[in-house]
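Beneath this line is the structure, given in structure tokens, with notes to follow.
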Amino acid sequence: MNRSRAVLALASLLVYAPLFGQSLRFGLAEDPDVLDPTLARTFVGRVVFAALCDKLFDVDDKLSIVPQLAESYAWSADGKALTVKVRPGVTFHDGEKLDAAAVKFNIERHKNMPGSNRRGELALVTTVDVVDPMTARINLSAPFSPLLAQLADRAGMMVSPKAAAAAGDKFGANPVCSGPFKFVERVAQDRIVLERYPNYWNKGQIFFDKITYLPIVDATVRLANLKSGQLDMIERMQPSDVPGLAGDSRIKVAKITEIGYQGITLNVGKSEQAKTNPIGKDPRVREAFELALDRDGIVQVAMDGEATVGNQWVAPGNPFYAKNVPIPKRDVAKAKALLAQAGMPNPTVTLMTPTNTDQQKIAQVVQAMAKEAGFDVKIQSVEFATSLNMGDKGDFDAYVLAWSGRADPDGNIYSFAACKQPLNYSGYCKQEVDDLLNKSRTASTVAERKKAYDQIAAMTLADRPIVYLFHRHWLWALSNKVAGFKPMPDGLVRVQGLKLQ
Amino acid sequence: MNAFLTKRLATIVPTLLFVTILIFGLQQLLPGDPALVLAGEERDPSVVAYLHKKMHLDDPFPVRYLYWLGGVVRGDLGESLRMQKPVTALIAEKLPVTIELALIAIAIALAIGIPAGIVSAIAKGTWWDYAANAVALWGLSTPNFWLGIMLILLFSVQLGWLPASGYVSPFEDLGANLAAMIMPAFVLGNAIAAVLMRHTRSAMLQVMSSDYVRTARAKGLDERAVVLKHGLRNALTPIITLGALELGTLLSGAVLTEQVFTIPGFGKLIVDAVFNRDYAVVQGVVLFTATAYIALNLLADVAYFLVNPRLRDR
Amino acid sequence: MATLAIDALPREESPGRRAARRLAKRRASLAGLFVVLFFIAVAVFAPWISPYDPLATSWSAIRKAPSAAHWFGTDEIGRDVLSRVIYGSRASLLAGIVSVSIALSLGVPTGLLAGYAGRWPDALISRMTDAMLATPFLILAIALAAFLGPSLTNAMIAIGISATPIFIRLTRAQVLSVKVEDYVEAARAVGNSHLRIAVRHILPNVIPPLIVQSTLAVAAAVIAEASLSFLGLGQQPPAPSWGSMLNTAKNYVDNAPWMAVWPGMSIFLLVLSFNLVGDGLRDALDPRHA
């Protein structure tokens, strides 16, 4: 009996042997900040979290919610409580079990830890009850449909309560999470090394033993590393590099439209400057500005065609896109007429942009296009940190600003259009819009939410606190040896199914 | 000697104090709220408020300065807010990398600069002189980040001989480490080679027109051997001082080189910290560098003093 | 009778004349001088020699290789690279010259004061200079440029201030060595004011090494501007400057290398020329090298 077992084991070892020892080297565009889901503040950190920390839910490529650490969920009738059934048999990297108590601990940690960046996301969560060892109930102060999407991001990431309690705010130096890979080491600005967690609940889908994330800020150097074989995969390739890879048989390019957007934020009420600058005080000037722009042209020139034109906070293919407000075509004649109507045929507008090649290119193209309608656009390049300050204080007329995007449309509009919200750089404040935004959050069916968004779009696009330009394409370049990669609109790389041939 | 030493040591403290005021003042003058930068994408107001408190941003300038200085005296250089790591730990991590880069760069500079200087001096005025001059000057005249990118394109992308970026610890894999360091070290060493070349050349010229040569000629010795021997010795003495002075050039050059080649050293640490308004890191690293620079200079002066008997009898 | 004899003696060559003659003998330095003058001419006559408007964009001519219409090719939004290189010479030359002028105007008087006055003004100035020198030059420049805001003017100010300590030190050292000369003591004995002594007797001796250092400093300043622009802190687009052109070009080295070759070469040539002239001046003005 023992003999045949041994033979079986040996045989299976041989079958799986090619899969053992597989290691993935991934080039990141920036160095992530602290690897603590509660404190984390950057997009690039989420790329690492995709392998390190599982969350209650995940999204698929259609942005629908799928279960991950949560096996199933159910909303209460009044929409003020979400009951979550925890997947059995899941353990953290230190061996501790995932149960409802752990869920409670994590959500409370996200809400209460000093410096937590998740408080805004879980603002409407009041308490978490442990209904039974594997069932937790999250109570809300008001219905909040975007909650599931929040729990499909960092707010839903579960860390080991034991490790978190022991490490306090130093947890990020040695995160103990529940994902397919566990933390090995991190050298700041050099690399983050993760290794396979043998007891992962979905281990059948994991084919790597080790993943090394290497932040390489310069896109040219990042691609050079991929070409020379030192990396297996890179993110955020430059659009202008795509054609050059067409003939390279060792590398393939994967792309998908992002869930975020690139736009120009206009100061309509953030500061005194809104009252004196032409674009802030007269909606006709804003309309003229938008009509002077040729979105396709901007995409062609500034993004080498690697973007999808849009005019809303979600892309045209998104289920929540308001079809009642289509993308306007360029109309320089109408723009000039509007400016004449407004009594300002040659308005001067200062366009603030951070010193970043992409944003600057967009600014230059916009400047040239708007000139044809009579606008005198002055480009003001400021360092990124300074631009945040100026945006916060309203020291601008127009601001070239992008948003990385959230799975739920609420994440792309609420903080930007509701009165006095932290990301509302334009200073836009309209009671009807606020009411509609609240309705979109409390409504429980997709149809109701869509109706609210259609109305919001009609209003905000007429007022134009933000002129949305386009949605960039996420561009990954990978060695042909990497198989099983599925591009996802949130730009994150899921390691399940990823392997080397 | 003692008087000399005490006099020099007495100047160190005020200098360091000025350095701290200079860099602290500069940091605090930087526009932009660092809390906003560090608060990340969502700009959650509670996080911004929390960071304000943690960084003492609402306290007046002198209070913040004294608070930080107090920490320095106790050996605590503060904490990087972006990476939640103590600055001292970050320095300990990055320093060896930049030191290794600097040492290899200096070796390359010596290998290029000294021979070029010798050739230039001995064959003064001829074609060789100009050629040697050109080789060394090329290092000073090319923007090093530019040279770096060109080298990456040639050796990594086209030829595939060397890695385009990254760093491997020499204890892990010496071969890979050297392969990764050779290009950035070359880029860095170029600029210093020019300084070394000029210096060697003038030292050699000094010797060549001096008593050594006349005596050697009179004695019938091989002129070239004598020139080389005494010339080199003459040239090498102030190299100690030069080495210390060039630390500043090295670090400045390292800033851009590390950025291009993605080497996790001091230079990259500082640039990122300035842009991210990670004050503690900038202050800590600059203070550390300045202290090292001053210490090295002092050592160089002492060494020079000891080596040169004429100064001793002053 | 005596005057005739004096007139018959050969006139001694003035130091300036001697230096110029020596400089002319070094062919490399002469070549460098011509190149520098060439670039200055290009900068001055830019509007006349530039084939296109450096700011004129053209959506149809994006990243085109060098051709008859565009000798140096076009850049990422269709602008003519040759025109931008020509106009860019203004920014780079300005960056070099203005920065060094700032450093000179701040550094020389301070160094004179420190060297001449001695005691506590010297101690104070020397400690502050040491402090600035102990901080890596580029870090100081980056911090200053970030503080002032990204623009060519601010980059020049930042580089100028960062380069000041070198001139302070140089001036001070020269003053210290000249201060003890007999003729200075004599002038003091006769009753000349300190200011008069400083300007009439000491300053002229400080000038030769200052000229050498200034020339070399211009070279370093041009590279410093390129470095700051590489980090996004110098001349901002769309205004042309070689440094910021390189910053943009680095993203396209693979598919549009001409965007980088020409500005890079220009920086190299200009800086090399300044270095050659500086070297030549150093040899020419140094009394030791006969």
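Here the chain labels run A, B and C in written order, and each chain numbers its own residues starting at 1.
To be clear about the criterion, a residue touches a chain if its C-beta (ideal position, glycine included) is under 8 Å from a C-beta of that chain, and two chains touch if they have at least 3 such contacts.
Because the structure is predicted, anything quoted here is derived from the model rather than measured.
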Middle chain, criterion being Cα centroid separation: B
Chain pair, A-C or A-B, that carries the greater number of C-beta contacts: A-B
Relative to chain A, chain with the most remote C-alpha centre: C
Cα-centroid distance, chain B relative to chain C, in whole angstrom: 22
Cα-centroid distance, chain A relative to chain C, in whole angstrom: 47
Chain centre separation in whole Å, for chain B relative to chain A (CA means): 40
Of all residues in chain A, the ones touching two or more other chains: 218, 220, 383, 385-386
Numbers and ranges of chain C residues touching at least 2 other chains: 146, 149, 250, 253-254
Where chain B touches two or more other chains at once, by residue number: 30-31, 149, 153, 157, 259, 275
Residues of chain A that touch chain C when the two form their complex: 218-220, 223, 238, 240-241, 243-244, 297, 300-302, 355-357, 360-361, 364-365, 367-368, 379, 381-383, 385-386
Residues of chain C touching chain A in the complex: 57, 59, 62-63, 76-78, 146, 149-151, 232-233, 236-238, 247-248, 250-256
Footprint of chain C on chain B - complex, ascending: 11, 14-16, 18-19, 22-23, 26-27, 29-31, 130, 133-134, 137-138, 140-143, 145-146, 149, 153, 157, 194, 198, 205-206, 248-249, 251-253, 255-256, 259, 270-271, 274-275, 282, 286, 289-290, 293-294
Touching residues on chain A, where the partner in the complex is chain B: 31, 33-34, 36, 39-43, 114-117, 119-121, 169-170, 172-173, 187-191, 214-218, 220-221, 224-225, 227-230, 383-386, 388-389, 392, 404, 415, 422-423
Residue ranges of chain C touching chain B (in the complex, touch as defined): 27-28, 123, 126-128, 130-140, 142-144, 146-147, 149, 219, 223, 226-227, 230-231, 243, 246, 250, 253-254, 260, 264, 267-268, 271-272, 275-276, 279, 288-289
